[in-house]
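Each structure below is given as structure tokens.
What follows is a pair of complexes built around chain A, which joins chain B in one and chain C in the other.
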Partner chain A sequence: MKNSKPMIDRYTWYETIGIYAGIAVLMFFVLAPFIEGFLVSLKPLALLFSSPYSFWPENGSFTAYFTLWDRVPMMGWYIFNSLLLAFVITVVVMCLVVPAAYAFARFEFPGRGALLGAFLAVNMFSGAVLLIPLYRLMRSLGVLNTYFAMIVPGVAFLIPTAIWLLRAYMMRIPRELDEAAWVDGASRLYTLRRVILPIAMPGIMVAAIATFIGAYAQQFIFALTFNSKTEYMPIGVGLFAFFGRQEVIWNELMAACFIGITPALLIIVFLQRYLVAGLTAGAVKQ
Partner chain B sequence: MSQLVLSDLRKSFGDLEIIKGVNLDVSEGEFVVFVGPSGCGKSTLLRMIAGLEDVSGGEIVIGGKQVKDLPPVKRGIAMVFQSYALYPHMSVFENIAFPLRVEGLSEDKIKERVGAAAKVLQLESRLQQRPGTLSGGQRQRVAIGRAIVRQPKIFLFDEPLSNLDAALRTEMRVELMSLHQKLGSTMVYVTHDQVEAMTMADKIVVLNAGTIEQIGSPLELYHKPDNIFVAGFIGSPKMNFLSGTVTASDRGNVVVDLGKVGTIKLPRGGHPDLVGKTVTVGMRPEHLALGEDKFSFEVTPGIVERLGIHTLAYCTLADGKNFVALFEGDPEINQGVSFTVGIDPAKCQLFDSDGIAVHKESQSGMHSS
Partner chain C sequence: MSRSKGASLFAFCLLLPALLYITGIVAYPLVETVNLSFTDAALKPVTKWVGWANYEKIFNVNFSTIIVRTFIWTFFSVAIKMIIGVCAAVLLNAALPGRALFRILLMPPWIVPMAIGIFMWGWMYNGQFGMISGLLQNFGITDGPVAFLGYGRSAFWATIITDVWIGVPLVTIYMLAAIQSIPKDLYEAAWTDGAGRFYRFRRITLPMIVPALITMSMLSLIATFNSFDIIWILTRGGPSGETTTMIIDTYKTAIGSYKYGEGAARAVLICLFLSVFCFFYFRTVSRISSGDIR
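For the complex of A and B:
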């Protein structure tokens, strides 16, 4: 039998089975909560408390996906708030981080190492540790219960990772390109705009996706603490609306989760298309 | 008129002095090559002229203007980098047009100038391609194109051919030389390859450890090296060095006892003080011939390389030292079988104990060759 694959990629049948079995186990481990969450969203509420517990949703339906809008009319707002917060945070972070990463990657200045270290150290504190001082700060500034109160700490905690990510990427862009542009009369900013930014695009996209996901995930804790206005709530906090006095509407809660994730997921899939590798090909001979 | 003048140029990184006082005068239209072993400071020197490195001391004057504190673009230079430094996201056209766009020229002007440069470099059909799709030689031409469009007074090349394979390098070398003829501009070229230096330069500057060892035309350096370093660096294969003791020295001749190899009488205007001193006699491999000559000695070949056009023999001398000889064609020599080689002493070099050349006319005022 003719095999078109190169020798290094050929496996016997039992190796192939082993590889796919390994992948399946790992995937199941990672996806199990999502699978169960999805199954729960399909079940009628009564079935959830049946004993013995049945994982398979018998006579399951998508009803919960429609009824949840009646129970929590603000759901649309929560999703919108989440996206808005994550989007604004990402944009602000990228505007701050791109020039910063360029500076950290290219310029020698006193305190560069210390600053980078400090950024890393900030990352080691979880936001939760600083909640009380942050709360006091927000209160004295009078910005509690605004979008601002959720955006600013979000930005602050996401900057370090983004700087480290993007700096590493920019350091891989050959210095000769800066020098060539400098010899040709370009200013630093012109070089950054016309030469470095286009080449760093894949790196910027990685940093943007990481920031977006980070902003989406961490907004919960800031929203919970710094905001008590329902109309500003992001989805993470908004989901509490399904927690009633007597019972939790699990199936609608799960359905709301999946609806809430979908836009973010779509955005990430969309951004991923810009992660073009090998854009630097031909810049310099390595 | 001299277009580029370096006077007592110095560069230090911390306590380490990389360039130790360089003086150089380049006239308009000259092709100057900086050559030297790696780490000798030749690239640093070029980057100082370009304005990419700060000057620690001394002056750089281009076209009569002190440029030490000016940014590169105001110095009237253009530089071609070793790695080409092309912008990968731009087309060839945009790459070449980059300096003009920075300058803020009109679209028509840009088209015209890029078109002219592309024509000179035969890149017309490639203008819409990205650098990534070009071959090494074409990328090199794009890099040169980007330098040409600015119409600089001086072109600076930092080892531009070192990334190309041997065949392409020879081709590009010829192309660069004809470009120099066409443009007639001053070019300063850095290389570690002495063949490039010999073939391309009007003037070679041999650098070693941050100082200039010698400045001269290729043949001057070949025939009259000022010191052992230049003698050893210029020429391939390397010059053979034999050490010996001077037994007699007068206005006409210097007699050197080379131990087991023999006693050679060199036509040199030697100072009487030389007698008794240890000196070095240099013999270029290609100046040796099979059989007897005015000075002859025995060698035993170890490895013999036959290249058709000539034959290289890596030999040992009677005193066990290594010796390389080069003969035309493919003479009958065999590994391990000793034979006699001869050389005309007039073609030998003589260096005193400090490694400084003892020239024929030096000290005595004689001008025979």
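For the complex of A and C:
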């Protein structure tokens, strides 16, 4: 305790222990499924299905990570599909949201508040509520059992949050920049493309990352309902392939889960700085 | 510049693509749901107008039990999420070494694909060989294996815990941001006056985060009310319907039994409840911003 911390931030030894104990309990709750899942992926199936329960994988190995590709040959496709869906959804969302967020952040036009409210109200409905007409819509568009059946509704439900995040960021860009460009005779579209977009790039990145994570994490219900073709399934639905007629191949299922988690973990590791800063900036300024 | 007519037109042009998209994929289906709820639409070529028959039918099949269950499920899930979220935010706000790392370690449940997190919980709850049952037996708390998803009561709580697990990271990050936006001099003034840590929490932190607390509970309430993946993957609404919430029941009716009309009537009821939540939410938000609640 001989560092230069302000006095108010100093903790007595029992306070320190108390805080770390609290954090430890929290971390256990949050991480237990991952730890257990990882250990399960290392255990042979026979050990898994034995009593009494043993926490540590004795003679554990990474065998499941290799054999799962034989049991579920489409596994690689599921991961590819998940990434592809998340990527396409993110691109479409950003194309729609960047101009919309700019309009909300910069212009005063009749009905602005109501329109913004209407966009945010979309968050109120989950896909499940609108499933029936969406199903009929997809059928009449003839896109059932294609990638589009998952992309089209997926995009709609990610638009509101992206608008919210990006609008908050764009509102902090000084108005003088637009006005300077205007005085110099730049058209509005030119101003948006050449002045605003480059400055808003960090904000756009945050919104895009958040959208990508959302698109990667929440692709279950549309994939479950609008697609029955194995070759288009994302990982969340594809994992049901490990549920055999007799038993679930748990060790390979958990190994597959960890392979599916990897892209999300890479995002956390490399982009967490933007993520926390960006999300909280959008959250509190309202 | 930005108030002229040309500017308004330009703004509308910028908004148009997103607006059209939402109209087509959210607004039109919403109207269509209401429309369908008055018909006997199903897997047959002709549908006819049946008036309120679908709604009457809903309340004949004991739907009120499902509504009550949905509310209890949602209430406990949101309440536990908020309590854990606020505690976690306070803990992770403490100026101790390692807090940056712990903030990152908190995020996985929210960021990994939901289905994967749920599959992992499915194993944890596994009666014969899962971790929770296994540890309980190893410590001698229970005699035999407990199949958590096999009994109505425990399955109900098991799905709530998984929902809490997925929701906690977002609540914590949001509450952490709220705590960090409280002016530091408030704490310093209280500290100078000799106020203890707990007293400062109760008299400064708690009152200051009330607006954020309300906002987050409402957002969390809406998301939890709509929760589908968790219950569907863990129990499919079973055992014997004990975890069937309104959304699960709607899905089973509409997609499982192809009764589009009856499913739509259930969806309309869900929308009505959500609108009530939103009404109270917006009213509370406007009261906060006008300074009524502080």
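Just so it is clear, the second predicted complex is superposed on the first by the 236 of 286 C-alpha atoms of A that agree within 3 Å, B and C clash if a C-alpha of one lies under 4 Å from a C-alpha of the other, contacts with A are read in each partner's own complex, and residues count from 1 in each chain.
By definition in this document, a contact is a pair of C-beta atoms (placed from the backbone, for glycine too) under 8 Å apart; a residue touches a chain by one contact, two chains touch by 3 or more.
Keep in mind it's a predicted model, so treat the numbers as computed, not measured.
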Identify the partner contact of A:W182: answer first if only chain B is touched, second if only chain C is, both if each is, neither if none is.
-> both
Of the two partner chains, chain B (first) and chain C (second), which one does A:G142 touch, if any: first, second, both, or neither?
-> neither
Tell me which partner A:I132 touches in the superposition: chain B (first), chain C (second), both or neither.
-> second
Which of the two partners, first being chain B and second being chain C, lies in contact with A:Y190: first, second, both, or neither?
-> first
First (chain B), second (chain C), both or neither touched by A:G244 | neither
Taking the superposition as given, does A:F34 touch the first partner, chain B, the second, chain C, both, or neither?
-> second
Chain B or chain C: which reaches more residues on chain A?
-> C
A:Q218 contacts which: chain B (first), chain C (second), both, neither?
-> second
So, A:P198: does it touch chain B (first), chain C (second), both, or neither?
-> first
Of the partners chain B and chain C, which touch A:G113 in the superposed model: first, second, both, neither?
-> neither
Which chain A residues come up in both lists, the one for chain B and the one for chain C?
-> 179, 182, 279-280, 283-284
Across the complex, what residues on chain B touch chain A?
-> 50-52, 71-73, 77-79, 81-89, 98-99, 102-103, 130-134, 136, 139, 146, 150, 163
State the interface residues of chain A toward chain B in the complex, per the touch definition above.
-> 174, 176-177, 179-186, 190, 194-195, 198-199, 279-285
Report the residues of chain A in contact with chain C in the complex, numbered from low to high.
-> 5, 7-9, 11, 15-16, 19-20, 22-23, 26-27, 29-34, 36-37, 40, 48-55, 82, 95-97, 99-100, 102-104, 106-110, 112, 115, 117-119, 121-126, 128-137, 152-153, 155-157, 159, 163, 178-179, 182, 188, 192, 213, 216-221, 224-225, 235-237, 239, 250, 253-254, 257, 260-261, 264-265, 267-268, 272, 276, 279-280, 283-284
Taking the complex as given, what residues does chain C use to touch chain A?
-> 1-3, 6-8, 10-12, 14-15, 17-19, 21-22, 25-26, 28-30, 32-33, 36, 84, 87-88, 91-92, 94-96, 102-117, 119-121, 123-124, 126, 128-129, 131, 133-135, 137-138, 145, 165, 168-169, 173-174, 176-178, 180-181, 187-188, 191, 197, 212, 219, 222-223, 226, 228-229, 232-233, 247, 250-251, 254-255, 260, 263-264, 267, 270-271, 274-275, 277-278, 282
